[in-house]
Structure formats: structure tokens, C-alpha cells
Amino acid sequence: MSIRAVVWGENVHEQTNQIVSDLYPTGIHGAIAQTLNAAGGITASTATLQEPDHGLTVDRLAETDVLLWWGHAAHGDVSDEVSQRVVEAVWSGMGFIALHSTHFAKPFKQLMGSACNLTWREAGERERLWVTSRNHPIAAGLPDHFSLEHEEMYGEPFGVPEPLETVFISWFQGGEVFRSGLTYKRGAGNVFYFRPGHETYPTYHDANIQTVLTNAVRWAHNPIARVLGVTDTPNVPVTQALEPISERGPRLHEDGEEGFK
Amino acid sequence: MSIRAVVWGENVHEQTNQIVSDLYPTGIHGAIAQTLNAAGGITASTATLQEPDHGLTVDRLAETDVLLWWGHAAHGDVSDEVSQRVVEAVWSGMGFIALHSTHFAKPFKQLMGSACNLTWREAGERERLWVTSRNHPIAAGLPDHFSLEHEEMYGEPFGVPEPLETVFISWFQGGEVFRSGLTYKRGAGNVFYFRPGHETYPTYHDANIQTVLTNAVRWAHNPIARVLGVTDTPNVPVTQALEPISERGPRLHEDGEEGFK
Amino acid sequence: MSIRAVVWGENVHEQTNQIVSDLYPTGIHGAIAQTLNAAGGITASTATLQEPDHGLTVDRLAETDVLLWWGHAAHGDVSDEVSQRVVEAVWSGMGFIALHSTHFAKPFKQLMGSACNLTWREAGERERLWVTSRNHPIAAGLPDHFSLEHEEMYGEPFGVPEPLETVFISWFQGGEVFRSGLTYKRGAGNVFYFRPGHETYPTYHDANIQTVLTNAVRWAHNPIARVLGVTDTPNVPVTQALEPISERGPRLHEDGEEGFK
Amino acid sequence: MSIRAVVWGENVHEQTNQIVSDLYPTGIHGAIAQTLNAAGGITASTATLQEPDHGLTVDRLAETDVLLWWGHAAHGDVSDEVSQRVVEAVWSGMGFIALHSTHFAKPFKQLMGSACNLTWREAGERERLWVTSRNHPIAAGLPDHFSLEHEEMYGEPFGVPEPLETVFISWFQGGEVFRSGLTYKRGAGNVFYFRPGHETYPTYHDANIQTVLTNAVRWAHNPIARVLGVTDTPNVPVTQALEPISERGPRLHEDGEEGFK
């Protein structure tokens, strides 16, 4: 069965900036969805900030295996409710791929629990990505390094928790480095941050970048049925203990009572 | 110089439940502060939910090396503003020790980025903690295992991210296990979760538990001056690039401009 | 295409102990291979200590996607050469699943870089495995916990490095706990340690255990072509540098020279 | 009490190469020991390949808190016995700091369990180290980045396991990047790999490098008494089980018997 990917696009600069709309006539989200649909085994659709619920209703997320997110200028316009909904979908098993300036998007910051800050420069300089984890599924089919002739610079220190694995590190012409591909897990959901993708450059038309995105969707996909009640905190009464025990000592709660939250 | 610890107590059941107030006449926070002050090299004070700013003003946090947190019944009464303030203090280098039911406290959940849920049973059963990382600083002076005759059970799966290190795992009489001591880092701040400490049992009077708390404060203390501007995202203009580069290609931003947030 | 698994068995107690040979007439390796072959998508064969090269020639390993290893009484009889060969195959991308007493097998100890010791007791006591990473691929199809009525006890502290993920933790009737399912990566190879499997008990006939083994083989399989020259340390001459540089300063080596090893 | 550091030097190029002996008249080990002794709170001595037991007798290691290791041309001349002795000292709690070309030293490879390979170029190019973990104890007192005008290049992919933390990443003038500061734990011992230090350049006279080395010694020091019997695998007889159990089922071993190794 096909992996169901949704590419979420902020869709602001595509509407307001000629350079961006010329590069990505169907939006960055449209370009990425097209790449994924051409890859085989993935069915990708799009969602945008401007739609009701930003296109991410409860029902839609329930049918999304992997959500890709690209935001930049309008992080503050994403509703807290939708952000929390996305986060809980990740905990229950939905994959989440955070692209470029999404480092400051609400759901990404919430999943990381850290500042997610960095240094930056928009000078169209050369970026070279190095694979630091050979044969990682996300690096399948890639050479040990590849370049993007024009990219925005992001520099360390990058305010994220230590990842499960560092898959890519970028070299920048101006002298910086950046951990460009990082994997995490939050609950049952796989999370991947991938750095490149400034909207004024043709990054998402680059073949290596397209390979990474396709690989990342496959890697992030958790085929197991979603965890139900992902925030539940069940009480296990004494009478249902796996080993026979007797209740002892003072207590605050009655059997089967809800805990405090 | 002494490590400045603040023990934050929710201070609810100590005021409303006779068992708890008998066990902890100065509050759980008071008992823990007393332990830390007796340990040597630590100066501990307390703060509670009921104080203005919950006792955690900007100035107070700026002078706190390590914050210990015990909450249970009133997580929802902690203001979002104070929780965010605590979280940013951690990012800048303040240590944070989350005790027992604090797994559901706002700042802890925010730092973890995950559901932090678990299973539980209040039956006064035996808990045995095993050291899984021998000679970890937090386990200094402890035997390979020790018991608490009466504790609340917390069971796996525990909804937290994979830790930097698993220091303790608990065995419960009723058949469960739990990762009871977990270390994390968020920004420059060291974070430790420690499971035991149900308010109706004398856990914080146990010598081994007191050793863990004292060790944890010393471990969590980062003596380096706090990171200033911990959420800053500085632009590095082309003219200040470390390696000589020329600006190329189209751009969205002017030199020195603020990025989007 | 089918995953090619090889189940390596020490095959000693199966030949010398009536209890073991009654439980596993075709050997522990035979029983596991049968399970894997019945699972779908996996083609499993066996290899044993007593064969030339212990059944693990260079050619055989080159065609092995995942190697499962069960050893106990005769770790010292495994040749250093074959152990090194297995280790290098893992680095190049072969999956490796270490079962039970394999914690002390040469290739496992070499891959871990640590003592791999533990405590133990052979009393046929109850073991209950808890899933600590919900919906981990290796836990697919399992309940949150399951039991084995008779098993050997292994207790913490377990002398292994912190894993990528802790997937299972065991509770033992006698009071111990153990990290029973741990994932690692060494080079391009996925490594999984799985605790249960004492030879005098019918553990490998248990349906949940069989599910774990099947899942683990699928998880450990890295479909990307093996890394060639996995220990190579290539010199990159100045003339082939990706960015134009000139040689400066004193040097020890000539262009293209082999480095020291 | 002072931290007892031993700086181990291969001491080959210092004797055979005029450039190296001019830079380091007392050896690289001598220069580093001088730095550490000047730092305060550290008492550093040296040991070299040419001494009996390479200067690392059992007694000496028992009194060593942190061992720094620099080797390059003569890794193969280090005896397996001394390497194993060093590794077991690390497991028992000795800190280990692997410098530069030590990536291929016997004890480091044994501790990592991986190929430890990389790419390299000796062209005296500029290296810039970026701090990726702000306020990490090893980065105390350092700016966010610093440069070495002349260094050997090491490039990714670096064949090491995912670290506990990535503290430094290097940018190279010729276009490569490298994870230059990595922390690990093996048993009770803290391990730090630090990249710079090619013998034909004055790297160990650089103030920032000296700060890193001093910080690293303090970080790696585990003040807890060494683990005794670090490879022991104790049997816990039924009669000494923490919870009352009865022996059941068939068994291979007698009570208190040694396990297989």
C-alpha cells in the first residue's frame, strides 16, 4: 500500500514574491508533492496555512502517514490547536519532516523542547552536504557529499537536542557548519529535520534533495496502526495487578480513579 | 562557591491531607531543601505555587543553579508564563530535576516534547531501583540496587524521548518496570527525571533517595555563566563572513534584518 | 526480494544435553530458521561452530543480509578471524542480532567495546518483558507486555554502551530488571540485542518471541548495497580538493600516500 | 585533590622528524602535560611507547584518573595486552581522551567497536572548529568558533558510533567537515575524541586547544572509586534472590557455578 504523505506549505512568499512564484509556480508544497508522487510507492497531497484548520483536520491527520512541513514567514499564524493536533499525531505514529525554516515552526519547537535557534545569512553561497551516517536509509543512493551552488547559510550552534542520529552536516562557503540532517523519535513518530530549502533558490528541483525527501518519507513512515489514546495514563487497580499484591499503606486515590493532569 | 538550589513545591496535599502534612510538616519542598542544605556545598531554598509568580521571578531564576520541581494535583494552576520562563532558564544553563508526578508538569512536558504518560497504581507496594549506569555521578555512593518498601507504581511504556542515559530502572512488586532515572540536555541545561516520591509515603526521608537528590543537584549544576539571548537567531552579514564571500542570487532579507519567528 | 538471514548456532548443548536436544531437535538455530522461513519475506539458513569457518566464509557473509547469533558454552572456540570477519560485515551493512548468552560472544563484545557483563540465575523463574518504545518496528504486533513462565534471570547492571533505543525491559520474579531489547548501529549495520533464550526452556517456541525475532530481522535489514572498502582511509590530494586550496606548511606524507594504520 | 592525568605519547616523529622535534622539544606528550600542569587542579605526567609496558603498568593505570593518548605512526607496535589493560581501566572508570590520529589506536578502536576510518589531506589548510553544544563543560571559556590556520584535514564520513554528544564540528578550507569533538561512555569511563593535533603544526601551543584539553580532563574525571571486578558476571543463587522464589524447571548450572565466558 502506498505511503500517504501530506506536504504542508505556508504558501506566503509563493503569493507575494515574484522570484519564489517563478521558481515554484504550484508552491514549494506543490513541487515537493510532485517529487514524491513521481518516486513510486508514495501518494502525496498538499495542505496550506490558508485553508480551514490549515488543511489539517483531525480526520486528515488520521489518514496521513507522513507530514512534511515548510514554513518561514508566518509561523505565528499557525493556530495552537492545529499545532498541538499535529504534535499528538506524531506521538501516535505519524512521521514528521521539518524542512529548512521550519526549525522555528510551532509543532517542531514543541516536539524538540528546545530553542531551535541558529545563525543565518542570505547570500546565495555554496553549501556542501556531507553524509555522516553511511548507508542510512535517508542517504540511500547519495554520494558521500553533494553541493547546492546557492543556499542560505544556517550556522551552529543549532539549538536542538542531541539527535538519535546525525545524517548530514553542511559546509558553507562563508565558513560555517551546520547539522543539516537530524533524526528524532517522539512517541511512536519518527521526526527528521532537513536544512536546505530557502525559497529564493531552486533547491527543491535538485535531484539529490529530491532523493533525500523521498528517502525521508519512506524512513519516517511507521506502518503500525496508530497508538490510540496516546496521552492516556491508565490506572491499574490492585485487583488487576499482574503479580498478586495486597494494598498497603495510605492512599490518595480510589481504584480506577483518574489521575491528576 | 555553593550551588544555589531552589526546591519548588506544589504545596497542595501538604495543606489538605493529614497523612502528607504529618510526613512532611514543612512540605515536601521543605524536606528536600533540608536534605540538600545538610549535604555540603549546596544552598537550598524553596518556592511554592501559592507565591506570586509561583516564587519563580525572572530575578530568582537568574540566581538559581538548579531547580527541583515536585507537582501533582495542580499542574494546571501553573501559569504558562512561569512555565516558559523556567524552560528558557533551562535552555540558558539552569539544571532541572523533575520529581515523581512532575512527569506531567508543564515545564517538564515542554522540555520533553512528548506525552510523558505512563501507567500507575497506588498500592503501597515494594519498589526496587537498579543502577543501570555504574558509577554515574548521580549514582555515587549507592549500592547496585536499593528498595522502597512502600511506593506508588509507575509502569512502562513511559512516554518520554530516549534519554542521554538511563541511570535507574525500577522493579515493582506487582509486575511492572519503569525507567526511573533518566538524563537529558536541553540547550545548556541538564535535566534529570527521578521517579520515586509519592506524597503519602516517607520516600524523601530515605537515605538512598537523599543521596540521589544530592548527587543529582551536583550533576545538574552547570557552572558556566548562563547563555545570554538564548533564543536569539543572529544574522551574519556577508561583510562579516568568516571567509570572504560575495553576495549572489536573489534574496528576501536586507543585511542585519531580523529573521521571521 | 527476500531478506537473506543466517542463523548461527553454537550447537553444543543440543548435542550434549538431553533436555536441550528434546526441546530443539534441529538445534536452536534450526528452530529459529524455521520460524523465520515461515514468516514470509525472509529466507533463513543456518551455520554452526563445527563447520569450516564456522559456516561463515567471506562469500557467505557477503550474501547475508542479517546474521542471528546464539552462543553460550563455546565463545572461546570461535576464531578471531571469523569474529573479525563478522564485525566488518556488520560495519559494511549486515544486520546482527545477538541472542541471550551471546552477550559474551566475541563479535558482540567487539561491536560493543564494553564488558557486556551482567548477573544471572538459572531458576526457571517468570520473566515479563515490557515494551518501552511503543510501535517500535521490533515490537510490531506485540502487547505492551508479555511473559515467559520459565527463564534464566539476567540482571542489571548490564555492561553495554547506552543504546540508540531501549525497546524492551524485563521484570524478573526474583526481583531483578534487565534491558532486554537494545538497538545499536555500528557503521552501516544495525545491531539488536535480545535477552531471552536459555537453552533448557522452550523460549524459541513462544509466539511473542517468534514475533520479535521476525520483526528484528526486518528491522536490521539494510537494503542498500554493502559499503565497499569499509576500513579504507582515503587520502584526498590537494589537487582534488573540492575547494581550491594551496599546500602550505611542513608535511609528513606525499600525495596519495597510504596513511599510518 | 588533584586529578591525576597521564599523557601517553607515541614519541616516534618527535625523534625522527626535525620539524616535529623543533615544535615539541619535550614531545607532544611533554607539551600537553606542561599545559595540564599549568592549568590548576591537575597533576600530569607522561608515558611513551618505548618504555616497558609502554609506561602503562597495571599499577600506574590504577592511579590514573584520566589518560590522554596521542599515536600515529606506530599503532601496530602497541601490545594487545597493554591495549586491553587500558580498555578495562576505562570500563572501571578511568577517563580516556583520544587525540587526532589516535582514531586508529588499538584501545580507541576497541572502545568504539567500529572502523574509525575517515578521509584525510595534509595541506596545512585552515580548520575552524564550531561549538555545537553551548556551555558544554568541554567548551567552557571558548567562543562559539575558533580557527587553526594550519591543520591536517580529516573528513566525513567518520566511522564511529553515534556519540552521546557532538561538542565540536570542524570546517575545512578545502571543503570538508568533521565531527571533531565527540563524547562517549564505556562502562564507568568517560571517553572524548578530539580531532586537531597534526604533529607538524603548532596545534598544541594554541590557547583554545589548551583550553579544550584542560576542560576535557576535568570532564572525563570520574571521582568515584574504580569499579572492582569490572568484567565479573556474578551468579545470584536462588537462596539469595531478593524476592522469594523456588527453583523450577531443568538447569545447566549448579548454584554458585561460574558462567561460560
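Note that the chains are named A, B, C and D in the order they appear, and that numbering of residues resets to 1 at the start of each chain.
The rule we apply is simple: contacts are C-beta pairs under 8 Å (C-beta built on N, C-alpha and C of every residue); 3 or more make two chains touch, one makes a residue touch a chain.
This is a predicted model, so every value here is computed, not measured.
Taking shared numbers over all numbers used, the chain A to chain B interface scores over half, which places it in the same class. As a whole-number value, the distance joining the C-alpha centres of chain A and chain B reads 27 Å. Centre-to-centre, using mean CA coordinates, chain A is 31 Å away from chain C. Multi-chain contact residues of chain A, defined as those touching 2 or more other chains: 128, 133-134, 145, 155, 159, 162, 164-165, 173, 175-176, 185, 187, 242-243. Chain contacts in this assembly form a complete graph, since each chain touches every other chain. Residue ranges on chain B touching chain D, taken from their complex, read 93, 128, 133-137, 140-141, 145, 147, 164-165, 173, 185, 187-188, 222-224, 227, 242-243. On the chain D side of its complex with chain A, the touching residues are 128, 130-134, 144-145, 155-159, 162, 164-166, 169-172, 175-177, 179. Residues 13, 17, 19, 72-76, 87-88, 91, 101, 104, 110-115, 117-125, 150, 153, 155, 159, 161-162, 164, 173-176, 184-187, 199-201, 230-238, 241-243, 245-253, 259-261 of chain A are the ones that touch chain B when the two sit in their complex.
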